[in-house]
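Listed next: structures, encoded as structure tokens.
The following pair of complexes shares a single chain, chain A, combined with chain B in the former and chain C in the latter.
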Partner chain A sequence: MTDPAAAPTTADRFAPGARVRTFRHDPPHHTRLPRYARGKRGTVVEPEGPAALADVNARGRGDAPVEQIYAVRFAARDLWGEGDHHVVLDLWESYLEEDKGDATDER
Partner chain B sequence: MARINDVGGTQGFGAVDTTDDTEPFHADWEARVFGIWNALRAQGVFNLDEFRDTIESMPPTEYLATSYYERWYLAVVALLERKGVIAPGELDEPGGAR
Partner chain C sequence: MSGDTTEGHSDAAISRKVRRLETLLEEKGVLTGTQLDEALDAFLAGASPASGARVTARAWVDADFKSRLLTDGTAAVRELGYMEGAEQRLRVVENTESTHNVIVCTLCSCYPLRLLGPSPSWYKSEAYRSRVVREPRAVLEEFGLRLPDTTDITVWDSSAETRYMVLPRRPEGTAGLTEEELAALVTRNALIGTAAL
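Take a look at the complex of A and B:
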């Protein structure tokens, strides 16, 4: 298994404050993107450091890509339709895309 | 295919138990399962994500009917069988679970 600490550092794709959107698809394998946070818009808080992508690492082959993990903040209202608090999730870069603010939405 | 473990935000499971329970284990066998799990991980028999994946792959009825460390035990046994460390059903043999 790749030692994340030994992985070459790459430029972060998302800067703190970046608006991102999580992927909507529901993979048939292990993932660390919970169902309630799929297809949702959030804001990057900060990078948390690289680690092997869990979705691939779960297959036990030892060839999982090492990606940056980001702390991403979501408004509870965006996740569940109610609540005044925020929820921060640690999410691999693969789970995120730039939020272009297009009209298509999950609701 | 969201799995049975992925219930965040799902209603109908009753109130969340917020008891301040600081005991890590409630039976000796739980501590042993935790120790065995740690030893196997340290030896690289399986990684954390494989372990989580195995628990999440349990049939929903079995998942919901088992306790936290019962799931750990069942997942460790399943991984040991899958990796060929033990034979299928070996721990069911007389003396196997000694």
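Take a look at the complex of A and C:
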């Protein structure tokens, strides 16, 4: 995005096509990582542009980090165990980790 | 918060909270009722599904505009005077013969208000928000939209700062229509993805 004040200080962590996994973290405060998409595997579609992390902003703090947001595509089967559609979510970078594909979905 | 949390997102509960908030703003001298009305009028000025319909019709008749619209929705709609000064990014997702898109905000009620006007009450309902991400085919059928099993469905959940609008497929047999006539065919639900044209 063009606003230098909103520009992230580091390069994008994830490129389009990257396999990612969402954190399972269930914070006691506001978050924009919906419960149904926690601990799930998806694929980055594209970066959506940086924004202040809503989890921090929503608590009235002035120190929210500005992070890249990624559109991440999930197969319905990976979210719900069934279904043939896809769901795309916009997720802040700190919600995501690289999916190394070496762990099962144990809970 | 009022005590009626079981109806936290019903229109009646929201209306009560909004009225209470407006009363507080006035009581504390933050805003007068007139200022509040002016702010709301300014916010909603031009916010109507007619705006999304005009964007759609332009995309149908102008391939270059359509290309720009799908690449950078925010910049493209600003060419037509929409979403000036909006903080949110707009992403337009195109329906094709093989793919169908539908939008939702599962966390609250985020919606491309400047292009579609105020959202319908069902868009904010718990039922729509929780079900459309899980069983979109069934939900769309309840809206009267039966898609072939071969159609891929993508649900876009507005979980951050991007707002989505669906670019519906141009109806058959509309080759001779003007851009204005085409815009008149576009419905709000088609721009959400719960209807076809």
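What we mean here is this: the second predicted complex is superposed on the first by the 96 of 107 C-alpha atoms of A that agree within 3 Å, B and C clash if a C-alpha of one lies under 4 Å from a C-alpha of the other, contacts with A are read in each partner's own complex, and residues count from 1 in each chain.
Assume a residue touches a chain if its C-beta (ideal position, glycine included) is under 8 Å from a C-beta of that chain, and two chains touch if they have at least 3 such contacts.
As the structure is a prediction and not an experimental result, all values here were calculated from the model.
A.B. asks: Which term applies to chain B and chain C once both are placed on chain A by superposition, clash or fit?
C.D. replies: Here the two partners, once superposed via chain A, clash with each other.
A.B. asks: In the superposed arrangement, which partner chain does A:44 touch: chain B (first), chain C (second), both, or neither?
C.D. replies: neither
A.B. asks: After lining up the shared chain so the two structures overlap, which partner does A:26 touch, if you call chain B first and chain C second: first, second, both or neither?
C.D. replies: A:26: touches chain B, not chain C.
A.B. asks: Check the residue A:69 against both partner chains and state whether it touches chain B (first), chain C (second), both, or neither.
C.D. replies: second
A.B. asks: Can A:34 be said to touch chain B (first), chain C (second), both, or neither?
C.D. replies: A:34 contacts both chain B and chain C.
A.B. asks: Have a look at where A:90 lands relative to chain B and chain C in the superposition and call it first, second, both or neither.
C.D. replies: In the superposition, A:90 touches chain C alone.
A.B. asks: So, does A:80 touch the first partner chain B, the second partner chain C, both, or neither?
C.D. replies: A:80: touches chain B and chain C.
A.B. asks: Would you check which partner chain A:54 touches, where first means chain B only, second means chain C only, and both and neither mean what they say?
C.D. replies: After superposing on A, A:54 lies in contact with both chain B and chain C.
A.B. asks: With the two complexes overlaid, spot the stretch of chain C among 2-10, 74-82 or 164-172 whose C-alpha atoms clash with chain B.
C.D. replies: 2-10
A.B. asks: Need the overlap of the two footprints on chain A, from chain B and from chain C, as residue ranges.
C.D. replies: Residues common to the chain A contacts of chain C and of chain B are 34, 36, 54, 79-80, listed in rising order.
A.B. asks: Taking the touch rule as given, give the residues of chain B at its contact with chain A in the complex, in rising order.
C.D. replies: Residue positions touching the partner: 1-2, 6, 8-9, 44, 46-50, 52-53, 56.
A.B. asks: In their complex, what parts of chain A are in touch with chain B?
C.D. replies: 1, 26-30, 34-37, 52, 54-55, 57-60, 64, 79-80
A.B. asks: Quick check: in the complex, which residue numbers of chain C touch chain A?
C.D. replies: 89, 91, 106-107, 133-137, 152-162
A.B. asks: Any idea which chain A residues touch chain C in the complex?
C.D. replies: By the definition above, chain A touches chain C via 32-34, 36, 48-49, 51, 54, 69, 71, 73, 76, 79-80, 83-92.
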